[in-house]
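Structure first, then comments.
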Amino acid sequence: MAKTNPGRFFEDYTLGQVIEHAVPRTVGAGERALYHALYPARHALYSSDEFARTSGLPQSPLDDLAAFHVVFGKTVPDVSLNAVANLGYAEGRWLKPVYAGDTLRSASEVIGLKQNSNGKTGVVYVRTRGMNQRDEVVMEYVRWVMVRKRDVDAPAPETVVPELSKVIDPADLVIPDGLNFTGYDFAQAGEAHRWGDYEVGETIDHVDGVTLEEAEHMMATRLWQNTAKVHFDATFRPDGQRLIYGGHIISLARALSFNGLANAQMIVGLNGGAHANPAFSGLTVKAWSEVLDKAETSAPGVGAIRLRLVATKGGEPFALKGEDGKYQPDVLLDLDYWALMPM
Amino acid sequence: MAKTNPGRFFEDYTLGQVIEHAVPRTVGAGERALYHALYPARHALYSSDEFARTSGLPQSPLDDLAAFHVVFGKTVPDVSLNAVANLGYAEGRWLKPVYAGDTLRSASEVIGLKQNSNGKTGVVYVRTRGMNQRDEVVMEYVRWVMVRKRDVDAPAPETVVPELSKVIDPADLVIPDGLNFTGYDFAQAGEAHRWGDYEVGETIDHVDGVTLEEAEHMMATRLWQNTAKVHFDATFRPDGQRLIYGGHIISLARALSFNGLANAQMIVGLNGGAHANPAFSGLTVKAWSEVLDKAETSAPGVGAIRLRLVATKGGEPFALKGEDGKYQPDVLLDLDYWALMPM
Amino acid sequence: MAKTNPGRFFEDYTLGQVIEHAVPRTVGAGERALYHALYPARHALYSSDEFARTSGLPQSPLDDLAAFHVVFGKTVPDVSLNAVANLGYAEGRWLKPVYAGDTLRSASEVIGLKQNSNGKTGVVYVRTRGMNQRDEVVMEYVRWVMVRKRDVDAPAPETVVPELSKVIDPADLVIPDGLNFTGYDFAQAGEAHRWGDYEVGETIDHVDGVTLEEAEHMMATRLWQNTAKVHFDATFRPDGQRLIYGGHIISLARALSFNGLANAQMIVGLNGGAHANPAFSGLTVKAWSEVLDKAETSAPGVGAIRLRLVATKGGEPFALKGEDGKYQPDVLLDLDYWALMPM
């Protein structure tokens, strides 16, 4: 028997199956510094332990997206090794901040299966949870991917497509214990704009751009122990290019959004997301945002803001889809998330 | 109102104005390791906690230049976003070592203004201070930059050019509390040459070279949260190249100077500096030094040495300026600093 | 007198000479994270402090190969600055795990000398030991290199070629204090295969590949303070390429071997190794392993497995040498080591 992992094929998934993913990972000061080296990250809560303490937290947490990447990375050998496409995200919630010294692991439950009409592939829906060393769930999200069948003649499973919320109800967002923005220092945070200054429908061009490098996306993707071959092996694709992990674009766009959204400090909800077009080394990534909604929270001085974050490889900002309803060719990412902001 | 930061233009500065820069930053074990990964840094005081303790410090401080970069990086959005050129440094002093867990912020005071005769730009002089979480000033320096005017018709401010010391008087250098080189281990430090072995006028070719890489200078520059577009966005310059942050060249040259100056352990003064020519990926950087002066200090076994550190992209060492008084085309950096050395 | 280090030439070595290498180095959370960013490292004992504790250790040690690189890096300025070739390794043993906060230094004893018949070069054999801040030896190994003579007319030393074990006797392997695999979690470790599942003679193709990048190998090599010019300076070689540090290939191949050998957790012995062909940026590295031997140990639940780890730049797996006894042109590395595995 071959000792290497061939990955799961569509017929290997069954409804209700729970997959415990290897390998647990302890995070710390190194991951924090590398996140700041790989992305132009400047949100003050993650940059300064002092700022975090003034906000009611014991110290700066690991960047929320870094926590997401660590949890996500573990699922790759079990969920997406034979995936043809990463189709979507929903119902993502950050439930506990991750601190230096925490050890993360993750597990996924199969919540939906649907064979495609071509009989060669199917869609697998999983709900993934990341846990810390105290077995507390630090985040959860639903992802669905298109996976190849090993044997096209394998029988199709009963079709079950889960009902997923298009948007997380703001009442279901989890605010970290103790979070308090009443003493928020806007000057140190970098911008004066508070929750009340943003209007639903408002768009923001984040102006700055970053040109993608092979060494940077590979280091980032390895750091999250995401092992999908296409990100590392230039001989894998016929065009000799390495496909960049979609999460690298998410983190880059989020960091770029500091310029205009410096006070959208913590990400607490992921409503949905699409990697609209593949990204490769040499492209220059820019970002723009749109305010989709706003909500109050029960935490002192803390408001919630729902944002669309779009990463592009050029072109005009604010162009998302064409008349045919398809993403513009320059759009790399369309992400819909909830963040916490001082009121 | 646009929510992104357009940067300040020349007419936005007023004499005596104090600008508190965002974003505070906690440094630690990650920054230390990355500094050693990005530069061939080997000075023992920063490499080994044990060596630092033998020298009277509680542990290895963050590299002095890393502290400088963190303090400097914060000033970029407020001082040099619309800068045409970084013209010079003076009166730089390191006042307190920075240790893992410290949180740095910085503030600048406008100490000089001079509109250029073309009416389109002006020179702004700022004195920048970096503070830790106990409000102790960890370093300070003067920098002057040429900044564009937003409106060429805006009236010129009264011209004030600060009087700046060409060289810091050695009596004004601040030696870290407790520093003691009487038990200095020259074998572990890497070279036998002590303060008394260097003569004023002596020149040293540091021999080694390092070829510049895009991923490396971008990771370094991001790590210091320096957001100047020209360092990251290949589409920003007409020639499609990314201009390398001058501080990357400073750190690289300083690390290369280990070979011949392994015992010039701590940088305590920055007398001046010029980025003589721009640096780009693909160039190979070499370095040479000249001993400019020497002074005794009050700390046991500790001498001060004033060094010129020159980074080049090739050519013969020790050629600095042509007969016309201009820097040779191969010279990238001309830095004048004070360091501490065992006597 | 020139103050830079010219390196030692063949006639500078004498039998029995002990060379204390500069510069001591404190390792920690930053080196750990960088190791995971630079290599696709996933062995659970090094990834998760919790997994390490379940295995009887206080926390995750620094990766065994990172410890090797730090110890090795210090020897370069004294042993291989004028080396023509790195000829071999033998009798390598890891004696104590290295933990965050430990400070490493190293020293080498000259145990053999043999001038080559051309009179221009000679072979130097050294036994190198790495020590922590408590003067405990954390690892040791023998290395032999071909070194240039400064003066071809210098007299040849008496030839002494040390007798070196081809393989470390499993009874001489040192198991870390407290190591215990009786509570080993195979699901979290990533694979179900235990010591008993591997057969001597079995070969494993590790499937995955990683394309080499200049920025990555340079960052890794700098992190270990290995200063050999050929790794950093593109102008040094006539072909304009930077030769990649052989240790970078070792770490990369070992990390790739996770896929099929996820439970070969700790490296405790290095029987031998050859860098069969040079590696350069742009190549895609793959790896395969062969089980050479197995042995029991006295630690609970812990078996030893002797593995050949081969890194290639393409071609078919399992092809090592041609009929002429020479390595195939695609082979980069042939490493023979002992690892510890759950029984």
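When the chains are written out, they are named A, B and C in that same order, and each has its own residue count from 1.
One rule holds for everything that comes next: a residue touches a chain if its C-beta (ideal position, glycine included) is under 8 Å from a C-beta of that chain, and two chains touch if they have at least 3 such contacts.
Worth saying up front: this structure is predicted, and the values here are computed from it rather than measured.
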{"item": "Type of subunit A:subunit B copy interface by residue overlap (half), same or different", "value": "different"}
{"item": "Superposing rotation of subunit B relative to subunit C, computed on C-alpha atoms, to nearest 5°", "value": "120"}
{"item": "Gap in Å, rounded to a whole number, between the CA centres of subunit B and subunit A", "value": "36"}
{"item": "Per-residue overlap in subunit C, given as positions that touch at least 2 other chains", "value": "28-31, 33-34, 213-216"}
{"item": "In the complex, subunit B residues that touch subunit C", "value": "28-34, 36-44, 47-51, 60, 187-191, 193, 197, 204-211, 213-216, 259-262, 282, 284, 314"}
{"item": "Subunit A - residues contacting subunit C, complex", "value": "2-5, 20, 22-26, 28-31, 33-34, 77, 100-101, 103, 105, 133, 213-216, 218-220, 222-223, 225, 227, 229, 232-236, 242"}
